[in-house]
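Both of the next two complexes hold chain A, though its partner changes from chain B to chain C.
And then the complex of A and B:
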């Protein structure tokens, strides 16, 4: 684990920027095909990959202290809590029937 | 401020002038700015409450129109929650005490601290603009699709006001977290931190993890209204229940933003007034974190009758019961701290005792409401209104008042009338119970909230409630008188008027701008009263 790496070389930023552009293009290309049920998961996967690149490189989390990583990861966990318990409602509405519905 | 016994270079005196206050980076002055601002909003919110209680004196909806009544209870909620309760203890007592309690000269980011106050003022101004440009009638909960499609009032403006204020809260939380991690004096280990710091730390976690969600959610409402985007409106492919999920993801934890700092105050006051170490220090400390985390897992208990799935209702109901555990840990540990303590019956203790009774009732009725089956009967009745007022007013505001009195000599360098404070505590306790206990009964009998007319047979209980509100108002107005008086005529406060432990009591009252003249070094646990127990006399 590189604790205090030297200043990130500009080339890294350029590479990440190009990667983000490519992924944006991919989002567009993917949207022109119909994958049926997989449409949304594929779009989300690309979006998450892009967000991860921004967090890890542009926001410098990769080169930061363990505490910063804990903060980022717990933020992500809280997002999962929000989605998870909300889906806990949406995905289970048919499980137990209600009179009159 | 001419008393010779006060230090000439206190933070209040140096430097002078309005600009020196409005551009200050001193956490203590910013605390004072917040104190003045939230007091004003407390008064405004109180006026709206007075409007509600006046209307409910009679069964007929005869004093205000239904529309005006809707605006009164909405604005009462919005003002009290976003502009009084959320900032109350953290932004005033927290701002003032967090750095001092850990032996620091200021918060980690003094400029951000000042920005947070300005954001609060801007957000409050925008929200007040909504009051004067059509009002707001959605309830403080902004439920969709009414708020985003139907309401004819200034929802967009109010939503933007709440959005801006959210950032004030996030910045305060951020500041406290970084301060607690980075600014502790040598020897001030995590388990020597005063419990007030622990609870504000836990509160800050909730602030930065939850507030962004409410900010975005109200912004989505504004976007749906103003731009016609379909997030929550079923006619445009949205889902109104999604709003409730997002709203309560913040707003249930927000209850803990309001009560956790109050619990921190009570921990400090109990130890100081019983002259004992807090019983089970680490349990009390960790219960704050447990409340902060569990608080994020229970929001669905607000959606039991909102067409949420029954299965999800079961899950949320069970997790809700778990929150009772850390809350009970605190209550029992405070009681155990008082047990065989040499309790001083000076006025802060009176507020503490009031808190413990009222918070217990509020917490236990929360268990009623978290019970899936019973909730269906009690949803949207006055039982709910009574329950959360026992937590918010009986809990959070009692603690705030207790803390304000306890640290007032430190903050202002002046002693206040102890008799005045006791009178006020009694008035608040009696007035509060008279106002809200009848509402438990009314709610159980089925009186729905948010209506301005009701059947005749409920009038007696409603009149009791309205009379209680008058007593309560008197109880809150009284401190305004004797505390203001103390600023000008109060006796100069010694450094440690209560004989309490803690770094804040080792420095002059009021403190100097940088709090500590010499390097601080901590070599004892918090609340180390054993050494002084026999020495101090009431």
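And then the complex of A and C:
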């Protein structure tokens, strides 16, 4: 499709570039404050936002076909399943007495 | 079966034939869609590949939180931040190189590809100095690891994961530079224009993906203990 998709103006790419640099600075500044358990979720939220900007604008997924979009999104869903089910195991091991521990 | 060599099937006759259109595709649009889908399927396998390492990182971090902070404080935040900026610059020039292909601007394609490769090389050079520093400070897992450190065994685990993740990321950068060399040669020969730019766009997807991996590696490896060392 993107062979006929509109060519993204340079200004869009530069804006995304500036946003990515600002968010990198934000990641660093946030890390120098102690938010306790929240430090990592904040850092991850900023990283996910940065990744989304790269995927949607630099990688041009917004001009791709619905099929490609589904593949992209489902890829990250599989990642979440892997993380979710593994942590479901590791984080709950201390909750109950397990034989042999 | 004689005389069927030049047989055309439906669709091809209707269009002026782009020499870059493979015979098994109906149109240039379909060909690009298939390439994009295939490239993303490959990138999804890469997401899962790096995902496994991020998971190992996370599990051991949950088990040994202090060792992860101690280990993170040995990493050079300035160099990590510099490399994050360098990779973001390279992603911008990569996106502009693809745009130059879409606008049939051969000179700009070559310029931006060279800039992308330059930024990629700077990243690897900074990484070289970082690794050298780790060797000098006995922070490389193995028999020369500094066992006088607090929680040395567990910090060693942190550094094993650090070297595995950043090392495989660096290998991806080297592969990306090789890929860019091929694309640069094609751009030099004027292979890309508004009617056909699939290879440069697909290589760009790979390059951006490697950038995304670093976007996650930087805060998770370098910034864990920043609020302790800052004061």
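In the analysis below, the second predicted complex is superposed on the first by the 93 of 101 C-alpha atoms of A that agree within 3 Å, B and C clash if a C-alpha of one lies under 4 Å from a C-alpha of the other, contacts with A are read in each partner's own complex, and residues count from 1 in each chain.
Criterion: a contact is a pair of C-beta atoms (placed from the backbone, for glycine too) under 8 Å apart; a residue touches a chain by one contact, two chains touch by 3 or more.
All values derive from a computational prediction rather than experimental measurement.
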Partner chain(s) touched by A:75 [first = chain B, second = chain C, both, neither]: both
Larger contact residue set on chain A - chain B or chain C: C
Touched partner set for A:67, first chain B, second chain C, both or neither: both
Partner chain(s) touched by A:85 [first = chain B, second = chain C, both, neither]: first
Partner chain(s) touched by A:37 [first = chain B, second = chain C, both, neither]: neither
Which of chain B and chain C A:20 touches, first, second, both or neither: second
Shared contact residues on chain A - chain B and chain C: 67, 74-75, 78, 82, 86, 90
Contact set on chain A toward chain B in their complex: 67, 74-75, 78, 81-82, 85-86, 88-90, 92-96, 98
In the complex, chain A residues that touch chain C: 1-4, 7-8, 10, 13-14, 16-17, 20-21, 24, 27-28, 31-34, 39-40, 43-44, 46-47, 50-51, 54-55, 57-60, 64-65, 67-68, 71-72, 74-76, 78-79, 82-83, 86-87, 90-91
Contact footprint of chain A on chain B as seen in their complex: 181, 209, 213, 241-242, 245-246, 249, 296-297, 299-300, 303, 307-312, 315-316
In the complex with chain A, residue positions of chain C that touch it: 28-29, 32-33, 36-37, 40-41, 43-44, 47-48, 51-52, 54-55, 58-59, 62-63, 77, 81, 84-85, 88-89, 91-92, 94-96, 98-99, 102-103, 195-196, 201, 204-205, 208-209, 211-212, 215-216, 218-220, 223-224, 226-228, 230
